[in-house]
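In what follows, structures are represented as structure tokens.
Next come two complexes built around chain A: one with chain B, the other with chain C.
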Partner chain A sequence: MATSLRRQGDEPAWRWLTSAPAFALMLALGVLPLLNLLAMSFANVAWSNGAATWSFVGLANFRAVAVDPLFRAGIVNTTIFAILAVAGQMALGFVLALLSSRVRHGRIVYRTVFILPILLPGIVIGAIWKLIYNYDFGLITQLLAAFGLEPIDWLGQPTMALVSVILVDIWHWTPFCFLLLLAGIESLPQDVYEAAEVDGVSWWQELVHITLPMMWPTIAVTAAFRLVLAFKVFDEVYLLTGGGPGTATEVVSFTIYQRFFTEDRVGLGSAMSVAVILVVGALLALALAARRRAAPA
Partner chain B sequence: MSPAGEGTTRRTILSRTILTGTAAASFMASTRLGWAASKVEPVSMIINQSPWLDSIRKLVDLYEKETGNRIDVDVEPFAGSLEKQRNSVRSKQGTDDLLIMNSGWFAEMYFGGFVEPIHDIDPGFKLDPELYTLGDTIYFDARNKTMTPRGKLMALPFAPIIPMLYYRGDLYKQAGLKAPDTFAELEANARRFHKPPGMYGIVQRGARGPHTVAFDFYPYLYGFGGSIFKDQPAGDYAVTLNSEAGRVALDYYIRLAREAGHPKTSTFDQAEVLQNFVSGRAAHVLTVIAAWSQMDDADKSAIVDKAEFAPPPHAPGLPTAPGLGHFVAGVAKNVPDGRKRAAVEFLRWFQTRDTQVALAKAGGMPVHAAAYRDPIAEERRFRWMKPLAAALPKAVNIYQFPEANEVIVILELGLNRAIASETGSVAALNTMAGQIYEVMAKYNYKTARLAPLT
Partner chain C sequence: MSVRRAAIGTHATLIVAALVILVPTVWVIGAGFRTQISLISGAIAFKPNLASFSQVLWSRGSDFVLNFRNSFVVAILSTAICLAAGTLGAWSMHRMGWPRWVPHLFLGWTMVFQMLPPVALAGAWFTMARGAGLDDTLAGLVLAHATLNLPMALWLMGNFVRDVPRELVEAACIDGASTPMLLRRIVLPLLAPGLAATGVLLFVFSWNEFAVALNLTSKHTATIPVGIAKYAQGFEVQYTQMAASSALSIIPAVLLLLIGQRYIVKGLTAGAVK
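And now, the complex of A and B:
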């Protein structure tokens, strides 16, 4: 059949036929669950006699999302978390990438060391930092005690708790930004720098007028990736603070987890998930638009 | 011998035979001698990670060795176990036959129709009368939606997890004190030993978690005569959390934390509580009995042989009131009949006195009252058994409705905020009571609320 299609010169049909398995897989694994999620967001699902009963509730779940105190706290905290964590990671990652690009020896060693945190699962990182932050026995407490200083309650004060979680995320994900930005810096055309050197530009002028403008597309994509991932933060919060104290570190993924899984309110949880997908989609669209505007014509 | 006498003798012989037979049958039933090993299909048991898991593994090994039957143990993290059980029971054919369900979710399983009543599988199954029924949570009356012996037998008690008072016996001995019976005694003793940061009078849970601070607070709430609902077994879900007794309990809990407890109570979960106790920095903790085996393990504890156990204290004139955080074992409805019967065979074996003694020796907690009368309860290593046996009959089933997790989330946040001083105790109780009332009203339970505390 394939031969006969090609013989007839029906190239589009052949392309569709060969792409079909991939499309079917994508449909089954990506689109159908999303559609199911969307359907659930307009329904209430109850279980009785071992069977599920779906009842259509219109926009009730979305109205409940809008007034859910945990979700509202989660949106605020997640936005603060995403902006501060990604800003920190981008700044540190860029500085490290700039410095590393000038290093000529031992690249494998330092790159391996730098990327170690991203090789660790978030749940392990959460456990490690929970021990580091421990008020009684933590590493930081012991270091402070060695200098005669009082321990700091990293996870117990509302403002400090969110900052502490952000610091862990910066530690975790800066290597990711570093790697992408380093690859970007190393791929910049060297003749521009050589010309700048001939013109006698300063280090600062080179950074502001050459490196940053040429790096902007890479920076935008890296930041977009990280923003999307930061918006989905869960495991670090789950282990470090459980959303507390109060709602100081409540993040949307954690709220969804509680509503969807702990409380088994799949309709409300689905509506929250849909809302987050829309927010993350909008973020991604903004970042891609920014990249398009910044890309050389 | 007269005919009459002969008749009497015959009657006597007959009655003695019946008595002897009954006694023998009772004895046989309470021991594994009476358990006829029948070859059955393999059973898949789903259970969560816990400090007592190892004891269950040892017990399963013993069962397999004695009977030749097979039990496949599927171990999941605590939250993961609920998720996997939900996925299994909600599918057309389940993968897990024997469900080890926590107090946080067995109501959901009963109400949802996911658990097969044991007598529907084996009408001849006899529940050992000496098993702790743990607030009668092994029964479910589907018509009245209550858990009382009037309902069907849905599960067997599996792990009698309740909070117990752990205290430093060595410090008590030096001070010439006896185990605290009332809250006033606990507070006085905690203040006496409170010398931070080296020693805290008591270390409590205050963190917001899946069931953290609320679980720690129940013995105080119920021990002071408070409650969340007016009369849950009777189906009266009027919210009584913000009663005067509730306020006294929360004020006491917070006062204990602030004046004789750890300064970071609001961030503490069970792990931190245990960490402080086993490292010798806490004179008292109220935590689940499942942690007993860590106390005398020199690899994990700096207070080997120093921990003592007592039922949770209470207000004068009221009983101790530990909240149940126990596990029950039920059989999934959507598995093949052969596997259901095999699961019941395991439960029949599990409920015997001998098995329960073996469980204690393996590091677990028996659910059979006779096991607590066994000579091992006199051994120093098992010094927790008598206090636990005293507390178990008083244990309170906090929730018997499937939406309990929504109430727990409210309590976790409200209590955490009160302990972290983000809000006062009265405001916290009024807010939580109002939110719980809304949950119960939403699901059409018979509910009401008290006037707000002032």
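And now, the complex of A and C:
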């Protein structure tokens, strides 16, 4: 084999061989599980001695999902969470990217610090904020006390708990939006700015009439994808609130976890997963449509 | 408004943002060096104390060293598998002359897959692993992480693969290089920086992954994030142990950030710019 010259006939074989590992992984652990989920969502699965007993139950699981109060709370909270968190991340990320792009000295230092949250485990971010938010001795309580102010019950009160979780997500993912937007700003054509400078344009006019219009495709795509990815949120909620108080911070990933794993209701959990996957798929289709409109390639 | 004052304002804003990131992180690392009493008393000043760290690392009831070993094995093996499958796959998709619909369909599918909540997949993986006798083994988690990170490996390596000059490949083919020879002698060396950038990110993301690890592991296969979460549960949250174990767990990420900042930025933004 080693001595054989590359002939036309070798191409298809190597084409398949090189893509085989990726195809195999994606089929066995990407496509098959989804089919498995779909099958389980129409059944009840009971385990005894390592063997599964399946019983077909038709649409019963999906009917149960539709009236599940936890799932409803999960969908509502996740939607609120996604919209507010992504809005915050995009606004802050854009301001920081704009400012960093103007800095001459220390840009790399800022960028190194700003990347940190992306590389921290979600569970550690949860742990960090569990300590910071702590009502009795958290850092915020201490700071407020230094100014003679009353502590805030960040995680104990329903509305505040959802706000707190959103703030943590903004802390976690603003750096990611920052990086993408900064890369976008740095790749804008410089001659436009030079021309604007010659014309004596103010920084505000420059922002509104030059930077924002040219950045629009990057902004739209980054926001759309962050919005879809916000549906993955799990780690921080698991550690900070466990979905509580009540159902105030119940998010869909956490509901699936509770139903499927904690309560061992495999059929219901699978039907929920299928429902969430359909929602994410629909959002993704919208995001792709947005990208096509934003960047007619 | 003078240019100088604007520059000061810019730096001031950026410094505040950097502090918002650094102060909570450092404060929590500091909490790992405190006793529970010193932490709860709320005193700002404290005498550093290694009790929580030694409890996390060496006490009988703690599995942290085992968790560390499991995380290391899973992250290394899943990164190796993912990087190999991703690099070969990316080369195949972009450079091996597939009919155009094949890469479109496959890479499009991996993008959809990337967006799915891992918890939704964990249920099916759990059931499948149990059927295959792989439940509660590191092998199951290794394969799960390799699959979870494969879309990212394919996109990132795809970006680096497309930068390999076509003339070079054609020249090698004319000289009679076989596909394996071409890949090993010419493509792989050119991809080295890309492999480093992608490998670092894959390692960190496997190291950090929680949702799937939580559901596919038990006591003796648990990874670090699962171990940290244990301190936050139960009747009494063990705050200082939670802080100490968190501090230990971020060592690899911080080291990689300090050494390979450029690679990480390259990896994180590679897909976005083009």
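Note that the second predicted complex is superposed on the first by the 270 of 297 C-alpha atoms of A that agree within 3 Å, B and C clash if a C-alpha of one lies under 4 Å from a C-alpha of the other, contacts with A are read in each partner's own complex, and residues count from 1 in each chain.
Note that a residue touches a chain if its C-beta (ideal position, glycine included) is under 8 Å from a C-beta of that chain, and two chains touch if they have at least 3 such contacts.
In this text, all values refer to a predicted model and were calculated from it rather than measured experimentally.
For the composite obtained by overlaying on chain A, chain B and chain C cannot both be accommodated without a clash. Touch criterion met: A:47 reaches chain B and chain C at once. In the superposition on chain A, A:258 contacts chain B only, with no contact to chain C.
By the touch criterion stated above, A:267 is placed in contact with neither chain B nor chain C. In the superposition on chain A, A:158 makes contact with chain B only, not with chain C.
Of the two partner chains, chain B is the only one that A:244 touches; chain C does not reach it. Touch criterion not met for A:88: it reaches neither chain B nor chain C.
Counting the residues of chain A touched by each of chain B and chain C gives the higher count for C. By the document's definition of touching, both partners, chain B and chain C, reach A:136. Overlap of the chain B and chain C interfaces on chain A comprises residues 47, 50, 52, 134, 136-137, 261.
Chain A meets chain B in the complex at residues 47-52, 70, 134-137, 153, 155-156, 158, 241-247, 258, 261-265.
On chain B, the positions that touch chain A within their shared complex are 79, 82-83, 86, 89-90, 108, 111-114, 197, 207-210, 212, 263-264, 266-267, 269, 272, 275-276, 279, 281, 333-334, 403, 405-406, 409, 413, 416-417, 420, 422.
Of all residues in chain A, only 1-2, 4-6, 10-11, 14-15, 18-19, 21-23, 25-26, 29-30, 32-34, 36-37, 40, 45, 47, 50, 52, 92, 95-96, 99-100, 102-103, 106, 108, 110-124, 126-132, 134, 136-137, 139, 141-142, 145, 171, 175-176, 179-180, 183-184, 187, 218, 221-222, 225, 228-229, 231-232, 234-235, 238-239, 252-254, 256-257, 260-261, 266, 269-270, 272-273, 276-277, 280-281, 284 touch chain C in the complex they form. Interface residues of chain C, counted against chain A in their complex, comprise 7, 10-11, 13-14, 17-18, 20-25, 27-28, 31, 39-42, 44, 81, 84-86, 88-89, 91-93, 96-98, 106, 109-113, 115-128, 130-131, 143-144, 146-147, 150, 154, 173, 176-183, 204, 207-211, 214-215, 224-225, 228-229, 231-232, 237, 239, 242-243, 246, 249-250, 253-254, 256-258, 261, 264-265, 268-269, 272-273.
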